[in-house]
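Right after this note come the structures.
After this come two complexes, each holding chain A, first together with chain B and then together with chain C.
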Partner chain A sequence: MRITCPHCGARDAQEFSYLGAADPKRPDGMAASAAAMAEYVYQRDNPAGRHRELWYHGAGCHAWLVVTRDTRTHAIAAVEVAKARKAGAAAKVGAKA
Partner chain B sequence: MRYSLFSLLSQTLRGHKGWTPAWRDPAPRPEYDVVIIGGGGHGLATAHYLASRHGITNVAVLEKGYLGSGNVGRNTTIIRSNYLLPGNTPFYELSMKLWEGLEQDLNYNAMVSQRGVVNLFHSDAQRDAFARRGNAMRLAGVDAELLDREQVRAMAPVLDFDNARFPIQGGLLQRRGGTARHDAVAWGYARAADSRGVDLIQNCEVTGITITGGRAVGVETSRGPIRAKKIATAVAGNSSRVAAMAGMRLPIETHVLQAFVSEGLKPLIDCVVTFGAGHFYISQSDKGGLVFGGDIDGYNSYAQRGNLPIIEDVMESAMALWPGLGRVRMLRHWGGVMDMSMDGSPIIDTTPVEGLYLNAGWCYGGFKATPASGFCFAHLIATGQPHPVASAYRLDRFPAGRVIDEKGAGAQPNLH
Partner chain C sequence: MSAQPFRLASGGLIDRGHQLEFSFDGTSYRGYAGDTLASALLANGVRLVGRSFKYHRPRGILSAGPEEPNALVELRSGARREPNSRATVVELFAGLAASSQNRWPSLAFDLLSLNGLVSPALVAGFYYKTFMWPASFWEKLYEPLIRRAAGLGRAAGAEDPDHYEKAFAFCDVLVIGAGPAGLSAALAAGRSGARVILCDEDFRLGGRLLAERREIGGRPGSEWLAATLAELASLPEVRIMPRTTVFGLYDHGVYGAVERVADHLPEPPAHQPRQRGWRIHARRAILAAGALERPIVFAGNDLPGVMLAGAVRSYVNRHGVLPGRESVLFTAGDDGWRTARDIAAAGGRVAAIVDSRPDDPARKALADKIGARLFAGGAVLRARGGRQLRAVTIRDASGAVTELACDLLAVSNGWNPTLHLTSHQNGKPAWNEELHCFVPAALPAGLAVAGSAAGRFTLAQALEDGARLGREATAEAGLAAKPAEPTLTTDPETNGLSPVWRVSGGKGKAFVDYQNDVTDKDVELAAREGFRPVEHLKRYTTLGMATDQGKTSNLAGLAIMAEQTGRTIPQTGTTTFRPPYTPVAIGALAGHHRGKDFRPVRLAPTHEWSKEQGAVFVEAGPWLRAQYYPKPGETDWLTTVNREVRAVRSSVGLCDVSTLGKIDIQGADAAEFLERVYSNGWKALPVGKARYGLMLREDGFVMDDGTTSRLGEQHFLMTTTTANAGKVMQHLEFCHQVLWPELDLRMVSVSEQWAQAAIAGPKARETLRGVVDPEHDLSDAAFPYLAARAVTVGGGIPARLFRISFSGELAYELAVPADHGDAMMRGLMQAGAAFGITPYGTEALGVLRIEKGHVAGNELNGQTTARDLGLGRMMSSKKDFIGRLMAGRAALLDQDRPALVGFKPAEPGQRLRAGAHFIGIGRSAEMANDEGYMTSVAYSPHLNHWIGLGLIRGGAARIGERVRAYDPVRNGDVVVEICSPVFVDPEGARLHG
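Up next, the complex of A and B:
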């Protein structure tokens, strides 16, 4: 399996570490209910098919990536830099303000 | 037909022309008392114990492929009950006791071989940890012996005892552990359940679960709808997909785990050995192939096939433990998809959907658990109450924080 890192190009998957589903959002620990926190920590969609997941390019640029991959075939459809999501969200907030 | 020395001799005299199929191939009926989704080891064992222990025989087992085509035929056949934690030890010991009487119970040769399982340790700290686990096992009535280096050498002289980084200092031995012929376990349970009237329905994939008023009342399948008073799912690897049909999410990720077998060799090792300094274990099948395995690939996968980095990792561990393996050729490798639960322990429980029962999350260890899993799941389905030895395997342990973390690895399935 090769992952095309936006910074470094196509690299062997061994250069990366896997963290799992990319979309669960950590609730605010002080405000969230115990049930919401348990949901975030333990429950997973675990789809057979398209899966958005976090990979860390530890042997390369040290960037966190959001990889969209098919869990039935291991085919990778898209790779984005995870930071871009955060920056995008911040920009939107800024625009509203 | 009952298998015995007499039936073998009488068939021999008749040129083996009178053997009948081991189970029927029925078409699904419109309704059953219990429908079990998944015709693997755990589903078939559940059907057998429902019929034999609880007298519930109006049961169908639905299998999307052929019987035993999933993980019951893809594992490395090891049976053991060398667990540390209170939630685990009695469950796996029940399983071991059921293994010990399995062939008589099923009237089927499952080739159960109690050849011993040795967990090697390579440091003083690891010796302490293993001594603690052995003591916990003995307190729970499980056999365990702490071996020193020379005792291990007498059992397995082929290993590298003087490895510069990981010298073998001894091992924790469970003599009652060993191996069983995995396909025969599926076939034996299938035949025993079928003989009591359970319908084993192959090539029948469940595509939906019908829920009326919060109660599961039937399943949609590739061979038409089937109504059921109770629906039980035993589809480890695909548990999240079946749960999603009932609108549930599970504390599970699906990962691929590979296994390996070498070319056939003369007897080299007569027990199961696990490496304490990496994730690797090995035994030798009765055909002579060395059977071994290691870690999951480490990312969500339903592919039933793995990638090369883990193969390399497993071979490196093999060479560290047993350098002589460098001359052996690998014959085959394959992958199965595992339910990796968030604490590394299984789930046998009711669900928020009334009439829907869940058996899932077996991680690396489903095969050894097959008899107890079926036994306890049948108890839950028949009585509505969890079996005492499986009472820790409930879904509410996750939100309550009572996780059963045998490896001390935390809530990350990719660490198990």
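Up next, the complex of A and C:
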């Protein structure tokens, strides 16, 4: 696999490590219920198709990236720098809780 | 030493001036440069080369390429012995020693061929049916028996003395296969200036052009080949890689290839690897891998002397070898006739041509010209012979049977496109009814297929496809393609075909899969027993599951299953091809990453100094750290470690701690960030002070610990454990970039920028005084416990000094830029000489921390919470932090969770062992009575007995109680007393002052 890092260009997937879904938003630990935090920590969708997920360019620029990948074909539709996301732009799981 | 009785007097792409001596099963033979092992054996009349897997039947050479199922041999000897090498692709070299496999006691006389007589017991599924019970017999009796009887070659059993490399390449257009299609593709792309990589598994480029007598542009094909290769070699952006098999297609245009750098030499030349594993990144790729010919299933079709017709052509035209004196051709199409023609042209005798198709005047005329008897509409019922072919039984169109003596039967049943790579991304090939073969259907992104690999079998199509796809790939890769050249003409060819999958009615076994000894009867049995889906058929019969992955057998197996179940071939299915296309040595995949070189070793900047001090080193994460420093006369590690520990407690010791992770964090929100990633508080930490920090995972368990110092209002220096340095860095970057991008801070790892040493013991301050520049006041008042400040050493060298202690003694850590690390250690040794300063390693470090009850990696094992470790008070209730809510889960607050305490033997002389489990006294040693386990132990020279830390149910509430420390692995069963984990100086008096 190749991931096109916005900073470094197209690089081999070996340079990256995978974390998981990019959109679950961490609830505020002072305000949220334990159930909401448990949902954030443990519950993940497992879609067959488009998946927004976090990759870390550890052997490169150390950026965390949001990669939109089709889990059936590994086709990558988009790569964004996670830090550039607007605060609260991806609040799906947090909102559910 | 014999002549080469089957070598033609002239012709072939061999260097007759360059004879090569080689041996097979101990007998010496001669071949020529340009031979394969197979062609050289055939030239010498060696036809029996192996015994089959299950029935130990005599086997010969079937093919002339990578698909070979039979002619598997062992090459070389000793540590370089390599089993299961296909003789058909082994390039001959002087001194090559090859031997046959799977025979006992000898190839010609194999006792286990009796398996053939008891074969009714060995049909498909026999393992499952015969060796079912009793279960205990399996390991002791059945498996060893089966393994001796069945099997392929023997592994060397010694470490491979050669080395392997990994390499990477990038190109615009990768061309896989250097036959006519691949060459014209490479030429079209190369002429346009594209960066081209042209790979071919063969040692000689040209593909089928090497094996055929064809014309291109009105001239011999060999002339076009030579001109094309010369032009390709002249193009600077074209890289030609012979002996390189592209074995796999992976995501996003990544191709795996193995280059056999030195397989054709007795030993790799100096500084050269045996093989090189390539990862090729290609914008576009063209698969021009050609096609593989298909055998026909009939009785005795595995006898040495029965060969694929295209292979015979290859031996005649390329190697100048006529594999038989008296030939018969059995063909289902036009292609086989070319073999008869070429045998005749080379002066060989073709006794008969058996064509499955009805009579045809043109074919009759051609047979007459060749001088062969034609059996139109006929079939070979059976091949007969002992250890090689002696005769064939032919059934003609009328049903009459004729017996013909012969020693070579060339079989032609059409070709299967070598489309394996198109299927590596789950692409399913499609059945083409007109061509009678599977052809590539949906293609992986970036891949095009040219020539025979696409089912376009004529030479004209190959040349045309290559030129067109080469230009297209160039354009798709973003370059301007040169205009098309005029299409090349070729001599006419026809490829009429009416495939024959099986001829029934002959006496004897008819093989579908030669390598796994699967017969047509096995496929029928699978059909009868309901194993009809192709994946079941494979697993039940093992069809297609040998090292050749069914290259010559899959389609016949499908066809027979289709016939048995009244379905068509496409209804029956096809199997999915997966990488690798041909077997790849693990060494080529591992490259240099083996043994000690599996990963790089990191050395502390003080390593040389430690070595001089006589250190014994130990791996700690990726680092080598000094474990202990034995002195002359000290014969066991414990004596050394006890001396080192006593020195620290009584005077002063010196230990390298450079390997700890160090992360520099700066910014307006740096303190806020630490608040969130550590469980304890940071905002109130004054500048110039250090604090112990505890980091949890979001699930509430402890991740790591370390001290963090505030070097400025907005500047912190975090330390992590050696093992977790990388993990913590990644975690912090996740927290910052993903969770809280709004926080204003930057961080960078400075682990390698600083050398750091711990100076511990009552004489630590006096020692330091000798290296720290005099303007820095080190008195307790000026530099108290947990002070952390920039200082200078050795006359102005910038340094950082931290008054922190892992040992419980008066202690400091001094950090200098890494380049000064060696000088720092020498300076400290000099400064402490008067106090007998003693270098100590990780063992003494461990003893000192266990004596003080400090947790380390053994306790921070991913299964413990802060409460478990007695650090519950480090979890602030006033702020949010990673892991806060999950650490509060009821199960993690359970009073019954094992918690950290100390242990000492009830009888002081007894040794404790880490890993021992705690069981109540008088209770039996079983899981139900398990109360926890010992995490760390040490011999305390301070207390003169063994001490331990461990996790036990109830924890500190049970201090004073006695339990068993049960260690069945090392026969340990010691009564221990639960005590405080702090064994030395519980008041902490030594830290201060």
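One rule holds in what follows: the second predicted complex is superposed on the first by the 85 of 97 C-alpha atoms of A that agree within 3 Å, B and C clash if a C-alpha of one lies under 4 Å from a C-alpha of the other, contacts with A are read in each partner's own complex, and residues count from 1 in each chain.
Heads up, the rule we're going with is that a residue touches a chain if its C-beta (ideal position, glycine included) is under 8 Å from a C-beta of that chain, and two chains touch if they have at least 3 such contacts.
Owing to the predicted nature of the structure, the values given are computational and were not obtained by experimental measurement.
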Partner chain(s) touched by A:34 [first = chain B, second = chain C, both, neither]: both
Touching partner for A:53 - first (chain B), second (chain C), both, neither: first
Partner chain in contact with A:18 - chain B first, chain C second, else both or neither: first
If touched residues of chain A are counted for chain B and for chain C, the larger one: C
First, second, both or neither for A:1, with chain B first and chain C second: both
Which superposed partner A:43 touches (first chain B, second chain C, both, neither): first
First, second, both or neither for A:74, with chain B first and chain C second: both
Chain B and chain C contact sites that coincide on chain A, given as residue numbers: 1, 12-13, 19, 34, 38, 41-42, 73-74
Partner chain A, residues of chain C touching it in the complex: 250-254, 279, 281, 425, 445, 698-699, 726, 729-730, 733-734, 736-739, 741-742, 879-881, 884-886, 888-889
Parts of chain A lying in touch with chain C, wherever the complex brings them together: 1-2, 12-13, 17, 19, 22, 26, 28-30, 32, 34, 37-38, 40-42, 54, 56, 58, 62-64, 73-76, 81-85, 87
List of chain B residues in touch with chain A within their complex: 238, 240-241, 244, 249-254, 298-303, 307, 309, 342, 398-399, 411-414
Interfacial residue positions of chain A with respect to chain B in the complex: 1, 12-14, 18-21, 34-35, 38, 41-48, 51, 53, 69, 71-74
